[in-house]
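Presented sequentially are two complexes of chain A, the first with chain B as partner and the second with chain C.
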Partner chain A sequence: MNYIIEKNQVKTLLDKISAGYEIFAPVLHNGLPVFEHITETDKVLSDVYTVNSPKGVVFPQTEVLLKFNLAKNKVDLKELEESNKKILIWGARACDAVAFEILDKLFNWANYKDEFYFNKRDKATIISFSCINPPDSCFCTSIEKGHPFSKQGSDLLLTEVQDGYYIQQITKKGEEFLNEIKSVLKPASADVEKEIEKLAKEAENKIKRKINTKEIKSKLDVSFESKYWDEASFPCVNCGACTYVCPTCYCFDIADNLAKTSGERVKTWDSCMFANFTKMGGGVNPRIDPKRRFRQRFNHKFKYFVENMGEPLCTGCGRCIKSCPVGIDIRKVLTEAQ
Partner chain B sequence: MKEKDIYKPHLMTVDYIKQETPDVKTFRFIFQDTEAGQKFSFSAGQFLILSVFGVGEAVFTFANSPTRKGYIECSIKKVGKVSEAIHDIEIGDTVGLRGPYGNCFPVDKLKGKKLLFIGGGIGLAALKSLLEYSIDMKQDFKSRFLLYGARSPQDLCYKESLPVWQKEGEMDVFLTVDKGDNEWKQKVGLIPTVLKELNPTPLDTIAITCGPPVMIKFTVVALKDLGFSDDDIVTTLELKMKCGLGKCGRCNIGSIYVCKDGPVFTYKQMLALPDEY
Partner chain C sequence: MTIQETAQNLLTEKKVDCIIGYEQGFDDVHPMPCIIFSPDSVKKLIFNSNCFHNLSKYVLKVRGKKIGIFVKGCDLFSLREIIKEHQVNREDLIIIALTCDGIKDRQAVKQNEDKLAAKCKHCGVKIPKEDVDYIIGNEKIKQITQEELADKELLAKLEELEKLTPGKRLEFWKKQFEKCIRCYACREVCPACYCPECFAECTQPKWINTNVSPMENIMFHLIRTQHVFGRCTDCRACELACPVGIPLSLITANSLKMAKELFDYVPGADITTLPPLETFKPGEEFDKML
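Moving on, here comes the complex of A and B:
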């Protein structure tokens, strides 16, 4: 049986499951759609393009790793409280769900599984929306798993059709969730699948800009010392916006906060764009200038990560293009690399 | 696959502190959880992450040999926020320790060989772990030889250990400083220059060098002039690290992550890396 959720039933759906789930969804924040932990289900938006990606749901911007109390000579580590609620990610883009599969690799890499990431990841049901009209900044079709209707990483994929959102069930987790919400859904007619296929093809054709990731990799293999990076990085102000909105950028810092005798150790997003990222205690900094940091970002995404994990650290979502204050376009930087 | 508590440090009691130089102290730490201490094992060349709670974490190398059990020893130079806080701690205080991380010195490759240790400044701390290991496992190695340099006589670490190593390790120890004083009887000059004067044979010898990047750079040139092959020069790389777990993204040189693929590299391996460091 295939289902449709009517647009005016989204709030009913979220209210129905809210007792058992922490809900993360797009809402307007100062007029901009952003992904947030929500409590007011009437504020939730569905088929929108958010400024930030939902990666923060499972990899929060700041996350407590340890809590401790200090006494003379002694340190007491405190147990961390953990929510027993499940997590619902409502309104990811199809490409954002692809990002979770990429991040899964990193957080399970090098013989260490990061339980802070996977505790949340395993509890999360991801409900994504396909893109019928991808914006100009999108280039998901350049990425192997990417497509405006990609099912990779999603548990349910929703597509806007005439009477609401058509639901495609992708995983077992998605099926379980469907069972929980069945009462607010209505059956879809059999010919909707065909319409979805047509919409998917049309959406794919709407993405005009493509990059060739294999060709780019071979160019990056030989361009490390090239003057190209001086030119390409010249406009970059190292603000780090691209890394913060990116659904796959994962670099983080670990830092302590202390208030009198009680403190916490946090894992917090960091950025390869910042000088302090690689600056050592004695002051030596191997990535001393903006060019080196800029070069690192593009090489990490399309060379180093490919070598280590077999795919680029990118979903083609285009957020970095939209958020760059000086108009740097990752597609151009990579295509022109030499 | 280690799944639980990958960021959780062991609680350690500071058991011993020695002022080595004006800005270097050696510390010994004891596990507060005895069972965890008994399970803990490491190899020379690996690193650990120490924390002063409320200040933060920083990366250091094991300075004691894994054969010298019951404590963890680190020699720490005061260079940044965390190392300064560590210099302020007292015997009986608690610090955090995570690890061991990274690869180690290639002990199998070193077996049966002459070991030429070349240390600069605080770089000797990482070598000390292997050097003492090679003394404790004397039959495994042909011989030992140490060239150790520092800025001035007062900047030399392990002054009391040097004669012990000489005797117990039956080894030649050469010291050099950039600038001597009235009492200084040993060599004066940069490590690469003194190394060339000493003219050690590359035959059956592996050179293991640790120190500031610029010292390593010119020491490698000297070793090459002396006829050492790229594969017989072993060194350690030091980069800023936070997690030690291959995740936080900052200690890469190309696609190599120093925390998981290093910190020990042969010069041959280093030549394959992009020239970023």
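Moving on, here comes the complex of A and C:
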């Protein structure tokens, strides 16, 4: 049985499940759609392109790892309160869901499973939207798993059709969620599936700009010392916007924040664009200048990660292109690398 | 002369080592800053109403070289401050002023609308003439009247904010800064922000945490605002750079207003008067600074 959810039923759906779920969805802030933890379901947007990616839902920008009190000659550790609610990510893009697959692999790598990531990830149901009209900055079709209608990583994939959003069930988790919300859905006619196929093909053709990841890898293999990076990195101001809106960038830093007799250990996102990123305790910094930091980002995504994990650290969502304050285009930088 | 011809001559005659300008980005409405070293590359230089970037800060990336730089009127204000602060020698610069009838509002551009940026509606430097070596472009652009110089809408908003109780005002700013992702794009594009190590990165002592929370974010912006006070020219590069649309112009416009009221100083208006917090005149009322 296939289902459709009518657009005006989205609020009903979210209200229905809100008792059991923490809901994360796009809402408008200063006129820009951003992902956030929501409490007012009437403000939720569905099929929009958010500034930030939903990666922060399971890998928060700031996460307290432990809290402690300092007493005389001893340290008391405090238990952290964990919410027992499940997590719903509503309104991810298809490419955002692909990113979760990449992050899952990374945080469960070489016999180490990151409990902080998986505590949230295991509880999360991901409901994505396919892209009927991908914007100019998109290049998901250049990535192996990527496609405007990609099912990878999503539990349910929704596509806008005439009567609402057509629901494609992808995983077991998706099926369970579907059972919870069945009462707000209506059955879809059998020929919708055909329409979806057509829409998918059309969307794919709308993405004009492509990069060849294999060719890029071989270029990056030999261009490390190239003068190319001097010129390419010139416009870059070394802010962290590209890395913080990216659905796959995962670098983080751990710090102890101390008050007089108490404190907390926190994990926060970090960015290879920042000067402090590779600064050692003794003051030495191997990536001392902006060029080296700029070069690192592209090499990490399309060379080192490919070597270690077999795929690029990129889903082609184009957020870095849109958010860059100086208009740097990752496709251009990579294609012209030599 | 066109921008290409000017750049061509300067590079060929070896008057400069490099030229800082704009080139086409990933589409027509996204130009990019660029640097060129060879006369062969001048053809990629462009200038249009989407060239919103303030290029002045880029001179710091090529310190020590002879630099040719394209500036709009607003960018020139920032460049003057950079020169006054001895970050670059005026003799090392060839300043090529671009007459500018305003750039397009970035939010509107993203929605395919054609709208002038707010700051450009009140611009008094469409044809920058002082302290420049060349002027390129239409010198007959219609200037705005004295009356139009003040952005009444923005000033009214500032007044409104000032009328709030401190608690309510904090609430307003908390709401704005809760979306800040601390990417520091505002700082990195700011021509007045060039400390080799920012207080936000300093770990010994640690002034602020890396935690992202409304109060921690406000701390960062508060300190940054004070650091650039009296040097900030209200060029709005920070607001344009912010990926999450925080209305930073409310802060920069206020900063400009206070510099005028307290010290009768307009940052970047000329190339000789020193910023108020960098000088102390005998007889000056000390309490103004606090």
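Observations
Assume the second predicted complex is superposed on the first by the 338 of 338 C-alpha atoms of A that agree within 3 Å, B and C clash if a C-alpha of one lies under 4 Å from a C-alpha of the other, contacts with A are read in each partner's own complex, and residues count from 1 in each chain.
The working rule: a residue touches a chain if its C-beta (ideal position, glycine included) is under 8 Å from a C-beta of that chain, and two chains touch if they have at least 3 such contacts.
Computed from a predicted model, the values in this text were never measured in an experiment.
In the three-chain model built by superposing on chain A, chain B fits alongside chain C with no clash. Contact with chain C, but none with chain B, is seen for A:52 once the two complexes are overlaid on the shared chain. With both complexes placed on chain A, chain A has more residues touched by B than by the other of chain B and chain C. With both structures placed on the common chain, the touch criterion links A:250 to chain B but leaves chain C unconnected.
Of the two partner chains placed by the overlay, only chain C lies in contact with A:62; chain B stays clear of it. Look at A:30: by the touch rule set out above, it reaches chain C but stays clear of chain B.
Shared-chain residue A:241: touches chain C; no touch with chain B. Note on the composite model: angle chain B-chain A-chain C, taken at the C-alpha centres, equals 90°, rounded to the nearest 10. Of the two partner chains, chain C is the only one touched by A:136; chain B is not.
In the superposition on chain A, A:304 contacts chain B only, with no contact to chain C. In the superposed pair of complexes, A:268 makes contact with chain C only, with no contact to chain B. Of the two partner chains placed by the overlay, only chain C lies in contact with A:328; chain B stays clear of it.
Superposing the two structures on chain A brings chain B to within 6 Å of chain C, judged by their nearest Cα atoms.
Under the contact criterion defined above, the residues of chain A that touch both chain B in one complex and chain C in the other are 253, 255, 257, 270.
Residues 25-27, 30-35, 53, 57-58, 61, 107, 176, 179, 181-185, 187-189, 197, 201, 203, 209-213, 240-247 of chain C touch chain A in their complex. The touching residues of chain B, when paired with chain A in their complex, are 1-9, 11, 51, 53-58, 79-83, 92-94, 96, 213, 238-240, 242-243, 245-250, 252, 254-255, 257, 259-260, 274-277. For chain A in complex with chain C, the touching residues are 29-32, 34, 51-52, 61-62, 136-137, 231, 234-235, 237-241, 243-245, 253, 255, 257, 266, 268, 270-271, 274-276, 290, 321, 323, 325-329, 331-332.
Looking at the complex, you find that chain A touches chain B at residues 65-66, 68, 70, 73-75, 77, 106-116, 224-225, 250-258, 263, 265, 267, 270, 272, 277-284, 286-287, 292, 296, 299-300, 303-305, 307-308.
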